[in-house]
Structures are given as C-alpha cells and as structure tokens.
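What follows is a short report on a single structure.
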Amino acid sequence: MKNNILIIGGGPAGLEASAQLQRMGYNVILIERSAKLGGHLAKWDRLFPDRVPADEVLGGLLRAAEGVKCFTDTDIRAINRLEKSYNVRLTNGITVLSDAVLVASGFDLFNAVRKEEYGYGIYNQVMTNADLEAYFKTGNDKRIENPKKIGFVHCVGSRDEKSGCRSCSKVCCATAVKQAIEIKQAFPQAEVFCFYMDLRLFGRHYEDLYLEAQKEYGVRFIRGRVAEVSENYDGTLLVKAEDTVASKPLKVTLDLLVLMSGMRPSASVKELGEHLGMMVEEDGYFSVRSGISAGQRSPQPGIFLAGAATGPKTLPETLADARAAAMEIERYLTEIFPDARNYKQLVKERW
Amino acid sequence: MIYEGKQKIWSEYQKEIPDDHYFYVRSCIRQSFFPASEATFLDITRNVLGKDIFETEHHTTCGGIAYHSDTIPQETVMTIIARQFALMAKHGYENYVCSCITSFGLYCETMETWREYPELEAKIRENLWKSCKLEFAKPKFLVHASDLIYKYRNLIAAQAVRKLVNVHTGEPLKVVEHIGCHYSKMFPSKGVGGAEYPYVLVGMIEAWGGEIVDYPERRHCCGFGFRQYFIKGNRGYSLSNTHKKFESMEPFKPDLIITNCPGCPYFLDRWQYVIAESTGKTYGQDGHGIPALTYEEVAGLVMGYDPWDLGLQTHQVGVEPLLDKMGVEYDPAKKYLGKDGKDLGSPQPCACLK
Amino acid sequence: MQDYRLKEGLNACINCGTCTAICPAAEFYRYDPRRIVDIVQSKDDGEIEKLLRSDTIWYCGECMSCVTRCPRKNAAGLIIMSLRNLSIELGYFIDSEKGRQQYLLTKDLCSNILDYGYCVYPRRFDYAGHPESGRVWEWEGKHLDDVFERLGGNLDGSGPGAMRRIPQEDLDQLKAIFDITGASDRMEAVRKAGERKAAEWGMTKEEFEAKIYTDSSPKHLNH
C-alpha cells in the first residue's frame, strides 16, 4: 500500500520534493493556499548569478511534478495526530490520512512600507526589488521612465532590530548586484549606486557577478547604510548615507530608488504551527531537529521541513533541501514508520 | 507624494491623550521668548474649552537644558523631575502636560530608564526624600502641550473665525510643519504619528484648512544644539542647520512655519534675520521672511485673537504679510504698545529683513 | 562605566554609518559618531582617553536623530552624553577648546537654576551677548517688564504665570537636590578647573571667560 504524503506549499521546495517522492513511488498530495503554483519563483524574471530565465526553471519543476495531485486555493482546515499518521481536513472538503507531512511554506517578502524612513508607498520614485523584477518581466512600471541616477538600498528589513529582524536575508546582495547590472543594460547612460553595509556574495560565480557589475557596467558600491529618503520639489529623491570608507556623510539626488526587501517567515507559520504543534524559534522560522545534521526533520516524528520555511535560502539550496527532505521521508517511511510495535522506540533512536 | 501612504502610518502611531484634568508645567525658553503662547494655551484650554489645566507656582524647570548641555549629572535631572511629579501627585493629578519639547523627551527618557532599571528609580526616590521630604508618583499619562491642542483641534476648528487660507486667492496657505527633535526621535511610539511622519502638527493644519508642505530637510534638526547655541564660538553650527532647512524649503514657497518646540520658532525666526542681514537673502516674498509661529499662535489666529495679544510683535520676521493673506484685522499702530496703550517706542529697523 | 546612558546607548555597533549619515554635526564638523561608538565598543582605554580630552565629543548637538535610525538599537547621542559626563568627572574637558566651554555653561545655566529656578532667564539673556537675537529682542530687553505685562506674563511676580518669581523654599529644594546628587560638587570642580586654566594662561577670570565664549578654530570644520 502506497503511503500518503502531504506537502504543504506549492513553491519550488514543495514542487521539487513532490516530484522526487512521486518518482520514489509514494502517493503525494500537494496543497497551495494561493491560486498558482511556483511561489515567488513565478514572479521573477532572471535568476542570479548566471541570469537563467526563471520561467525555464519553474517550467522544469512543474513538468517533473506532473501527476502529483495538486490542490491550489487550498489550505488546512484541521489536523489530528493519530498514533502515527495525520488526519488532515483540507478547506476544499477533502480529508487525507497522511503518513508524513512536509512543510514547505516558504517565505514572505518584508513589507517595505514598514521601513518608514525610506518612504515606500509615500514618495513616488521608491520601489522594491520585487517591483523591479516585475518591471523586468513585463516592461511596465510608471516609476521607471529613463532614470538617470538609480540607487539600490541593501538590507531593507534585514539586520535591523527596529523592523524586527536581526538576521540577514542571504539573497538580497546577489539580487541587488544582478538587478544593478540589468537596469544598466536597460539604461546604459544611467549612474547606478548600491548602498550596502556588507556585500554578502558567498556563492559560486557571485564574486564574478560583482566584478562584472563594477568593470563592465560601472556600478558604484558605497559602503554605508541609507539613513533617510526624502522627496525634492521636482519629485527626485534625496538620499542620505555615510561613505564609511571615507568617513564622510553624503547626500545623493536620485531618480529611482530600489529597496532590497528581505525575507520574513511566511505569515502562514503561526497557523500551521498551531495546527501541527510545531515549534518556532525567536527569528520566527520553524525549529528543526538539528541545524547541521537534520535540517529537514522537525523535532516531531513524521513532520518534515524544506525550503525557506526554516530560514532564508537561495533557490539551489531550496531545491537541494527539498531532495534531502524526500530522502528523509523515504528513510522514515521504510525504517521507522512501518514497525507498529517498536515505533516509539525507533523514533527515540533514529528520529 | 502618495498621501494614503502617510495616512496608513499615522493610523499606526496613535497615542492615548486623556481629555481633561492635567497638571501643567511651563518651558524655560517659551516663558522667556513666547510668554503669550503659554498664556494663549491656558486661555484656549481653560476659558474657551472649559478644561481643567492646573498650574502651581511651585514648579520649576525640569533642568533639561542644563542636562543636555552636560552641566548637571543625570541623577540631578531625574531628581528634579521626580520633584515635579511629586507636585503633580500632591495636587491630585495623574495626567501631566508639559510645554517644552526637550522636557517631554526627557520625561519619556527618564521614565523608560526607570522602567528598565528599577534600582535607579529607587535611588531617585531616596534622593527626593532626603533633599525635599517629598514622595512622587509617576504620571499615568504624559503628553506634550501640542498633543493637547492636537486633541482639541476640531473643537478649535468649530470655534474658528477663519481658516489657514489666503483670502485673496482662496487657496489654502502652504504650511511647513517643524517638529522638535525631542518629541519623537528617541521614542517614536510616544509621538502622534511616530518619528518619520509625525501627525501632531499636520493634524492641526488639516483641521484648520491649510496645506502641508513636505520638503527634503523636514526632519532635520533646527540646530539649537544647546551648547552649540549658548556659546558664541559654536553658533555657526546652529545657524548652518537652520540655513540648510530654509534652502531646502525655499522651492515650495511656504507661507508659514508652525512648530511645537520652544527653541525652534526662536531659531527659525532669528537665523532668518541673521541670514538676511549678512547675505541679503530672504525666503519670503519681497524681502520678507517666512513667519515661524508656535502652534498656540496659529490656533489663536484662526480663533480670532488679536495678533498683538498673541505676541506676534516679538518675532523678528514681520508677520504682517501673513496676517494680510489671512485677512486678519490688526492695528499696526498698536504693535509695540504696552498694556493700556503705553508707549514703549519700537525696535530699530533691519537693513535687509522686512 | 556605570552611566545609564551607556547601558542604554551601546548594544553592539556594526559600523553601518546610519548615525553619521543623518547627524547634523557630522555634516558641518569633523565629526563621525560611528567612529566614536566603535572606539567605545573597542574598550581601548588609550583611544577613549584621547577622545575624552579632545574636541571631538563636544560637536554633538544632542538632537537624537541617530537614535531613531540605528539598526542595532544603539544610541550614539546617549553614548556621547556619557562620554562628556566622564570627561567632566575626570577633569579632561579643560584640555580642549570645545570642552573648556563647560566652564561657562555650568556657571550660567546652573546659576540660573539655583537663582531663579529656570534654565533661561530673560534678564540674563542680553542683546549684547546675543546680537543674533535681533532688533526686536533688543527693544524688548529695554522694556521687559512692560512687554511681559502686555503679553500676559508674570515676570518676577508672585503666584503662577510665565517667568514668575519661584518661591525661595522651592529654590532651596533645588539646591538640596543639587547638593545630594553631586551637581553642586560638579559646579565647584568645573569652576576650579577653569580658574586653574585661566591662571595657567595668565588671564583674569573675565579675559578667560571672554576667550572661551568666542574661540572657534576653523580646524573643527568639515570641508
């Protein structure tokens, strides 16, 4: 009898894990609360560092997951833990008796309005990384009309006690460098500035991207966090930062400012955590069994995690995480779950 | 500018301001330079609106200026503040309203520090008892005088005889609002509207028919800087900061500046005089400056008080162009007269500033 | 350091420069609050002592704009205040041009508080020392009592009102507070330090006061 596996979240992690688990022979049910599969990936244009088109990657994930039972616009109504399995009632009326649950609830983008001093939603020429990515996809944004001076603000909503998130969101520096290059490609005459505290370009080819941005595109990198944004009489923006390398405060007038909004735990974490009795850490992401050796297992037997549900990740990390979660699920369902008599003992030893 | 964006933020920084029964303490600088503003505050709240605003002659400075000039230790200023609180408790009040913005910031800072370090509060209690044989209670609500006028702004609008409108063109006056730094920069949640887009003065302007001007250096300090002004050798700091603000607001052509801090209207007024006399540049029309008024002066104008009762004659920048725009009736001959028409002469004219 | 302003003001600094970006003093003076916080954080006593003896810590205008924005919830302005406090306690303030000004500030502001109960007292705010106060204040200064009466004040009067004469028993309480909390000691220490310096320079008290009131070297400015 094939085991049922419930996957919560239809973004890249959920899609990849469901494809793997289906290939392994399990009966996968994937639920996604929004109307579309693909998560944030569906909204992006090109992916760093090599600027692969996002829809190609998404297309691959969707094709591999063909055959998986996917319910969009569907959430969890209630979950009961039975002795080993989970009795899950979905909002579409269907009930699933699931032997393992994979939480792939992903992340939300920080709402840049909350960083009030940057004026998003107040000063017209301020936009976010998500807005800019949408512009690259559609070619349409009324804020962008031949800008001559463009700024990128790193760490918006990240590494910031005042906006409630101490941690780094990992991907924004690479995204900023990528978007800086892309906007220079769109407007070759523009001057582009990146205002950063640290440049976190840790991955393979990331440093090359940085070098390219500097050498081929003349992007200027200023080590100083933006303190304040205001609007001039003509609608241009006045941005204040310190050039910490030169130890001098500076003011720049820009036509366009892009805020690199960071990652936050998904808003669904609270509800899901309550349904499943899952612990959440101080940073708002789900706890894992062990940060190093068991990052895809929650502390509870039978509940697995993959993707940004356990903290900021790049896309390749998310996909690797999803495959690892699939392996963990397979191991659980072959070595621990089937043994009804010794279940509790096996969980103690091997979970 | 997307106005709705600001409205969302304003809705998040609401502050509870009790309606009545306040213990009132004055401001050193306002008593010296804007005594009519404080008198107007009491007249509007007590006589026009019928509120209970109590003042005892035994209250003193909070010591804020001395504290921020680093001339007295923190324990001293906290004990002085405790004494003020003791007077409040003695007279049976739990709502505290202060006239000075530095005071307001200092009261907030003191109470927050006590909250985090109760042993310090205990020490101050001991100090106060040893020095004055007094015991204090912390106010239940602490507000600034501009918070109260903000709270009553619609009541004032209802009794207003005019609006912040140019009667000749029908257009609302363009008003720059300047918030004192110590109002909300340290504790944004303690200010109406927070620190980035404070609403306490914007609310008044909107209620009274004016139009807000937002300009790049809106949040910038006027440059008082305490020691940076008191010592002559430092005064360039103070002047430069105010100058920066005026250069930034110039393209927006404001008719009026409204402020809620004691020092700011003094500096925004006097440095215009210095800039005019030393460089010839003025920021109003035809050699005039932009009047920098306190919120009580603006409230008084819309309610129909005589400008010379409001103390507008003690501003260096001439207010007549503004009065004319608003259609205020005034007698120029009475501008510098004392009580009962006593002749006090008049100030020397300026070389450049009208 | 036991100063509560340091406890409140220093969490841990990441040198992002947000404070310096928004600081009014950093724009005009050779002043960088970020570097000062970094030095304090480093606990390098040698560097800190240099700071306490320098002009640098006296450039701040205590506007607290830095406090609003710091992503680590530090407060550069509060740290500066605690440094100033320490510099005064240790007597180092007298070494620097800007620090020396404490002599005048302490004398004037504290005496206003003890004599009148206010930090600022209009009869002591003369036009001659403050020409920027303008022609109107010059006029007002000559007619202070009449103007106050006209404007509804109560200059030196009894009972409540603007600039009233605060009863002596209240001023005595302020003095007692000053005595118990160390403010009187500070006033004395600062006065003595100033007098020593004046003697060292071979100046009378008046000459000394006039000098520190107006001294301002161009080297302080940011070009």
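For clarity, chains are labelled A, B and C in written order, and residue numbers in each chain start from 1.
Simple rule for what comes next: a residue touches a chain if its C-beta (ideal position, glycine included) is under 8 Å from a C-beta of that chain, and two chains touch if they have at least 3 such contacts.
Bear in mind that the values here come from a model prediction, so they are computed numbers and not experimental data.
> Sort out for me whether B-C or A-B is joined by the greater number of C-beta contact pairs.
If we tally the contacting C-beta pairs, B-C comes out ahead.
> Name the chain whose C-alpha centroid is farthest from the C-alpha centroid of subunit C.
A
> What's the distance between the Cα centroids of subunit A and subunit B, rounded to whole Å?
47
> Taking each chain's centre as the mean of its CA atoms, how far is subunit B from subunit C in angstrom?
The computed centroid separation for subunit B versus subunit C comes out at 21 Å.
> Two-or-more-chain contact residues of subunit A, please, as numbers and ranges.
117, 228
> Considering subunit B alone, which of its residues make contact with at least two other chains?
Within subunit B, residues 195-196, 219 contact more than one other chain.
> So which stretches of subunit C touch two or more other chains?
Within subunit C, the residues that touch at least two other chains are 27, 68.
> Which part of subunit B faces subunit C closely enough to touch in the complex?
Interface residues on the subunit B side: 26, 28-33, 35-36, 38-40, 43, 55-61, 63-66, 68-76, 79-80, 83, 105, 113, 116-117, 120, 127-128, 130-132, 134, 181-182, 184-186, 188, 195-196, 219-221, 223-228, 230-241, 244, 269-271, 273-274, 308-309, 311, 313-316, 336-339, 342, 344-350.
> In their shared complex, at which residues does subunit A touch subunit C?
Listed in rising order, the residues are 117, 155, 159-162, 197, 223-228, 240-244, 247-250.
> So in the complex, which bits of subunit A are touching subunit B?
These residues of subunit A touch subunit B: 113, 116-117, 119-124, 228, 230-233, 238.
> Spell out the residues on subunit C that touch subunit A in their complex, using ranges where they run on.
So the residues of subunit C in touch with subunit A come to 11, 14-23, 26-27, 32, 34-35, 68-73, 222.
> Touching subunit A in the complex: which residues of subunit B?
Per the touch definition, subunit B meets subunit A at residues 1-2, 4-6, 8-9, 194-197, 214-219, 251-252.
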